[in-house]
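Presented sequentially are two complexes of chain A, the first with chain B as partner and the second with chain C.
And then the complex of A and B:
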């Protein structure tokens, strides 16, 4: 999502957002069913190409975004590799017990987590939330009450961040002494969460009242500011995955 | 009283949820900071990811709010670019559903702390089920799995149960909950002529 950082527009941006979401969910279900490590690796490469080349982000930012992926991969696979069950022992040291089975299963689960992460971030980087919710209303017939609430709530995020800063500054101005220890964590949580939550609830309530006062209604045959349709990019997107995944699967069976 | 959620309820729920969506993302780094300690110390922090359902339900007290809140928080987290990607959406739906089922079992009429703890445990159960399907934690050695479960359930009770309950208690003192809660029979009784 482009909150405060801009990027170039690529063909991934022009795909119908609902269709993109649907394809990604399908892909995630396929990922859950894959138990072949080679196919999983091919799958990762296929998705990685989209992420690295077509999200329209500068290379530096892409590399930066890659760090959490790597952590997710390591953390997910490591606990299974170190503590998983298996018969063929490779390495044993104290509680750590690496076996052949646990190693490959760890890698498989690691790649699975990596794939989910890349798919999700690719979607987030190439989809404007406003278009997504307009598209969901038009193509999936999502109830406008939910769609507009989501859009309003996403608009409130910058205000929430600003409020966070305000509270921080206010505490500094009034000379709140920095405390340490467990108690201070709870005090701090309370000092921030209560004003921010109550402020947000009040604001949300006011927005809802204002929307209803302006005759916001649930009728389905409403008009839209953005008309979201389908284009040739949608076909390209689907064909990309169908052909490359089939190729990847074929390659995995042949042992590439 | 009309059935279903009104625009106000939905909007307030989603705004609360998105606020927690931001917390969820930030919580990811806390979670990973504890990861190197090993022995599933990080699992103790997992409970924070169930808090939105409980807080939203205890504020608004209507059917469907818990499920909506958890889904909205997950989609907020997803749209802002969570390192877990689409997984958070799947987990969010299941966790929200399990929390909602507990409130439904009490017919949305009980708001005691025990209900909050029960729904936290239910959401935790949902996440564990998802982990079995997705993360294959079933393959962990028995002692390791036990440790994992204890840490996660204890964390859920503390964060999503007790913390959520007291958070709403303090919010009640600010008076903001009166805006969004449905009128109870006690409110009607106060209107009656004495």
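And then the complex of A and C:
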């Protein structure tokens, strides 16, 4: 099974991954602190522009990935809007009670959820894990021990998916699927998890031994195949957010 | 001669085992030697290799003690599983990982990567190729290339071709012969026909982890034939000897067309909406032993998966005269034995494992007992009936997976390379059991690469090439094949 999300390279790909990670985490913290709905909407537009236009993914895939998060947005905001508390009633029918306060709070929380999702997706779609870990080792001085174990673990995911499919077929042959009831759910979980866990543990151990056989050691003193530094794109990236967010904030206060 | 690796009075015990694996084992290896370690599975050959390289106890913590232990300073280790020795996703990154470990400057890396790939004959259009897209043979070549990046004096090879088909095996040994010429090479391997011309010395182990012979290969091969046969080692001539001494095969009943078990016409199998296998017209009758052959990736497993309806199929497919999609419980009529037995174990003990399918069908418990005991007896698992399936040896796991699959006496059995990685003793036993099933009227459809199985057991051969069944030959009993249809 192939998990391929490769795409065209855009300027977002060329940003230093550690810096990108840091900036996006900062943005997430800012999102948490924003309580002005207009500013939140401007914020969303600013991030959406990056997500929709500069991830280098085909439009179809972007929209497809967007669907679940849009659903999250709708469900979060609608539940708060319909059942929230407030003083200024706009509409009331049975359990549904929409007030001015609940409406704005609903939208605010909805946008917040959406923003987190888009920020995360933008990062994931424009960053190769290998570059991220190389950058973390070089810029943040992450211990290579952790960086390489993460990279090795990422390699295991597609292998595990394949195993999962094989076990699923095997279960079908043995008639596991035909059982019904709660007991069978438990049995099924056991039937999947034990072979998959035992397989993964064994494989992880083997990879670890293989890595040490290739002279991987705990020392931080090593050369790097990818030397990741900073470039003008990093400045563009930071300036993009600083200027547009300031503009967005100003606009929100002025009521635009 | 210069001594390059040495152990004196090695004692080693795996935690949880009741007895020592090695008791006062001593051995010496000299510079430039090509040595083969032979012995039954579980005798500790791989463990010795790990001790000699220093992986035990540095990377794998196992309690051990030796009066003297000399490990080579510069060595490389090739493991058997192509899928679990890489930690990076791309070919160039994997070799670069090794170069980084030994502090090669970045400027030299690209040239070194190209050089090592050249050495193992891995010619890729782009070195930044995903490792996952490589075949097993290519992955093992990459493993060798990344070892060569260490510029080792000693190569430790732990069954490097155990997971490969005959073609991949041959390629790997050709590469190893070339790159290993100047080096000391210590090998553990079961399939020894390609290895023999390369090595000079053989060390033979017994089941108790003792060295029973150590010397030049000609002498060992001629003197210790019986021991090797007992241990299930694939020494040259083992097939011929087996065929000469087996009455079952000489009195083989030719098969006569009786009941039609499987019929497909214009049958296609799809994976992710892509057509992966195409069959124009094929039939399988009761009492047939059909072998599917073809290169790796040609679509052999896909065909079996299509028969089992694991993947989407179109076209005409009839199982015992009923359209397959209308058969309510397909597993009542056909069964599938997977390549990796562990994936199909669902129960906690050998006994429960065999009884499982019957219990699901709510068969009478007396009946289950009789049936399971019969199968335990037949597949020589009686002594292990209460063990967890994972505790069994490779051969026992394989036997259990077959026993558990055929418990419902299905008319059609599909097997995906059941003899893969098995020693000769287990292989012959398994083939004889399958032959007995065939004589009872069961239809066998089996994937194998083994020419000997094809020549001596198959009654019909389907050949697959590039996702299409291109020939269907009946094999008559006097070993001549005739073409039926294409």
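Convention: the second predicted complex is superposed on the first by the 243 of 256 C-alpha atoms of A that agree within 3 Å, B and C clash if a C-alpha of one lies under 4 Å from a C-alpha of the other, contacts with A are read in each partner's own complex, and residues count from 1 in each chain.
Rule of thumb we're sticking to: a residue touches a chain if its C-beta (ideal position, glycine included) is under 8 Å from a C-beta of that chain, and two chains touch if they have at least 3 such contacts.
Bear in mind that the values here come from a model prediction, so they are computed numbers and not experimental data.
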item: First, second, both or neither for A:118, with chain B first and chain C second; value: first
item: Chain A residues touched by each partner, larger count belonging to chain B or chain C; value: B
item: Touched partner set for A:191, first chain B, second chain C, both or neither; value: second
item: Partner chain in contact with A:25 - chain B first, chain C second, else both or neither; value: first
item: Which superposed partner A:223 touches (first chain B, second chain C, both, neither); value: second
item: Touched partner set for A:176, first chain B, second chain C, both or neither; value: second
item: Which of chain B and chain C A:207 touches, first, second, both or neither; value: both
item: First, second, both or neither for A:163, with chain B first and chain C second; value: second
item: Partner chain(s) touched by A:154 [first = chain B, second = chain C, both, neither]; value: both
item: Doubly contacted residues of chain A, that is, touched by chain B and again by chain C; value: 152, 154, 198, 202-203, 207-209, 211-212, 216
item: Chain A to chain C touching residues, read off their complex; value: 2, 130, 148, 151-152, 154-155, 158-159, 163, 166-167, 169-176, 178-179, 187, 191, 195, 198-199, 202-203, 206-217, 221-225, 227
item: Parts of chain C lying in touch with chain A, wherever the complex brings them together; value: 53, 55, 58-60, 76-77, 79, 81, 83-90, 92-93, 96-106, 109, 131-132, 146-147, 150, 305, 308, 310, 329, 331, 335-336, 338, 340, 342-346, 356-357, 360-361, 390, 404-405
item: Chain B contact footprint on chain A (complex, rising order); value: 1, 3, 24-25, 28, 32, 65, 68-69, 71-72, 75-76, 79-80, 83-85, 97, 102, 105, 109, 112-113, 116-121, 123-125, 127, 129, 132, 145-146, 149-150, 152-154, 156-157, 160, 190, 193-194, 196-198, 200-205, 207-209, 211-212, 216
item: List of chain B residues in touch with chain A within their complex; value: 5-8, 10-19, 22, 28, 32, 35, 40, 55, 59, 72, 75-76, 78-88, 90, 133-137, 139-141, 144, 167, 170-171, 174, 176-177, 179-180
